[in-house]
């Protein structure tokens, strides 16, 4: 059984429809990528899962339809969304940001241990623990956003364009941490990326969206083998 | 010198009342990003609840607690039912909605209690206490003490509790907070409720002096707005300090500058404020906000 | 195209009817009605100023009553000293405009609430000043004048004559303002309102245009003060009341922000609603006014001026027999009648939450 499953999902911003029947499936302990050009509906798909948009179709999480729930309800079920543009809490300190991530948890001791784990995962954040998130560099903010999601101890992490606007080396470091998380924290993931090389460092299966529809789906080897995909997303 | 200290302490006490209302305005502004012109009218309504209870023979302290609870529910309800509709839209429309609330609530208070002022019991005995040769009124000292306690409690709530953390998060970025599972809607209601409770406190403390009437806090609201903006809308401490500053400047100017006297003293803090704002647009304590393009 | 022409001619006919009503109304109405009609013309001009600053240029102004009061006091002083009325009118325009410009020169670099606060301070400072300088203002008791009586040749009663005087002033003010906001300056205002950085990039100085908007608003406030004195024949520190200012802002939003027709509707609202509410139950004026204000905001968040569009929207919806799709509460463009049926509306509260 898959952990998260989208069946023929549509979504719109106001009157502009952005998704026209997208289906995809995330297996238990799996990681899938969503690739596609700007405006293809990648971010919209994640927002649809998180309940940030009005949708039709079914969104099944652990077998239950979660379509129609608000973002806070979805988050409390165990889906942590790292939004595009990081979405940290700028006026709160790094520590407070992490504590907000753990808002739904009651296990105080384990929370402290998890903060330590996150700071171990992103050593940069350790030095900035008291700074406001607004004072962090773009890379550090992205790390904080990922760490905040981890603090919720979710089943699924939705990662949206974590490399956007970062220097290549910084983006690589973020993704190295994500790979480590996938291994150590047994997190399932849906990764939205423009950079397919980074995406495939985490995921083994990907869906390519085009203008709000699924254009292609396949595993890493299949997709990398296709000229069209290589040209579009791998820069070669 | 003694007279000077008396004038300053009385000024701080008046300022503390504006400060409580200013704090309420700051709370609402941080939570929902708008200026609530109805803050005073809500406080008056809650004060009327205390008034009705004391008239029915309930002890003042119990009546005050009931008024506080009433204010909390009123604030939460108004946020959910009226203000929610206008949040995130055109801020002009949201502000006008609170003006509508101001007029409506004033009208409701008047419908029950009329427009004429009524006397209101005080927590503090009349008279003064002699501190090192300075005569300070119980009322001024008591008002200051109560509001300082309220401020400290608020600070503890925001800095050291999970609820406070959640409220700060929602004030900072509600959308992103929701993604961590914070119940944004409920937290906004709590924010408005707390603000209304603070307003009720201000109303109950000032009512013995002003006598209670539906328009009792109209003027205090203007001072509170000035304090909130002067202090920097994102800074609770700033709002309170600015409020005390306004109270003191007003009292000192009235007492010491003959040309100004009682009638013109109102204008002084506002004139000072204009100068301060022009020199420091972000307020005395506010952070400089970088405007994004 | 045909539709456009039809709409245009409908508009012209409506405008002509409106003009005839404006001219004929005082001849057939009681002095009380004429007084209210004249007040609408007075506050329409003050409101026009508020709308130019807030609606068109996007700056908060909570101090318009200060300029209204200043204009009224200048007029009272001039009339008492027997100055020619035309000179008085010019002074009522120029002096408040100068004061407004001075304030704006200092304050227009501020944004949002800091600017709001400075405008709030104007009436707050103005009222005690008006009380203090009683030689000029008549102090707390105010200044009563008796002028602008109907000349014999006109055969009109005073209330009718005064109505026509303030109507002419209002019509001139509105025609000038209409040309202003539809022209180059109006476009500059709109850009400043939209985005100051973009304005700068386009070579439009936000500072200069904000000062200009404030100056025009103060000028209109002062002229409205003159008209106020013509109609009421009395002014006191109360004229400056801060609450008049915020009620003007409410009336602007209720009428319709950045809309000439909305400004007139707002003025009607400003004058008529308290009178109506008082007529229903004089002890419940505030309650009824507040309820009406909130009701209008809930039903027509874009103001009374958006009523025709809203009606078209709703009737279009009905005639298409759409089920399930509820009316959008604040559709961004008002063109939602063309909504494709397969997209259900996002509940407004939800959408607003998203938008943050």
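For reference, chains read A, B and C in written order, and residue numbers begin at 1 within each chain.
Definition applied: a contact is a pair of C-beta atoms (placed from the backbone, for glycine too) under 8 Å apart; a residue touches a chain by one contact, two chains touch by 3 or more.
Please read these numbers as outputs of a predicted model, since none were measured by experiment.
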Task: Nearest-to-centre chain - CA centroid comparison - done: B
- [ ] Averaging each chain's C-alpha atoms to get its centre, pick out the one most distant from subunit B.
- [x] A
Task: By count of C-beta pairs in contact, the leading pair of chains - done: B-C
Task: Centroid distance [mean C-alpha coordinates] between subunit B and subunit A, Å - done: 42
Task: Between subunit C and subunit B, distance of the C-alpha-averaged centres to the nearest whole Å - done: 30
Task: Distance from the mean Cα position of subunit C to that of subunit A, given in whole angstrom - done: 50
Task: Set of subunit C residues in contact with two or more other chains - done: 354
Task: Touching two or more other chains - residues of subunit B - done: 175, 178, 184
Task: Multi-partner residues of subunit A (each touching 2 or more other chains) - done: 52, 70
Task: subunit B to subunit C touching residues, read off their complex - done: 35, 37, 82, 84-90, 92-93, 95-97, 99-108, 110-111, 174-175, 178, 184-185, 214, 218, 222, 225-226, 229-230, 233, 263-267, 270-271, 273-274, 277-278, 281-283, 291, 293
Task: Contacting residues of subunit B [partner subunit A, same complex] - done: 162, 165-166, 168-169, 172-173, 175-184, 234
Open item on the list: Looking at the complex, which residues from subunit C come into contact with subunit B?
Closed with: 54, 60, 106-107, 109-111, 113-114, 116-118, 120-121, 124-125, 127-129, 131-132, 195-198, 242-243, 246-247, 249-250, 253-254, 257, 283-291, 293-294, 297-298, 301, 329-330, 348-349, 352-356
TODO: Can you check the complex and tell me which residues of subunit A touch subunit B?
DONE: 50, 52, 70-72, 75-76, 80-81, 83, 87-92, 96, 99-101, 103-104, 148-149, 152
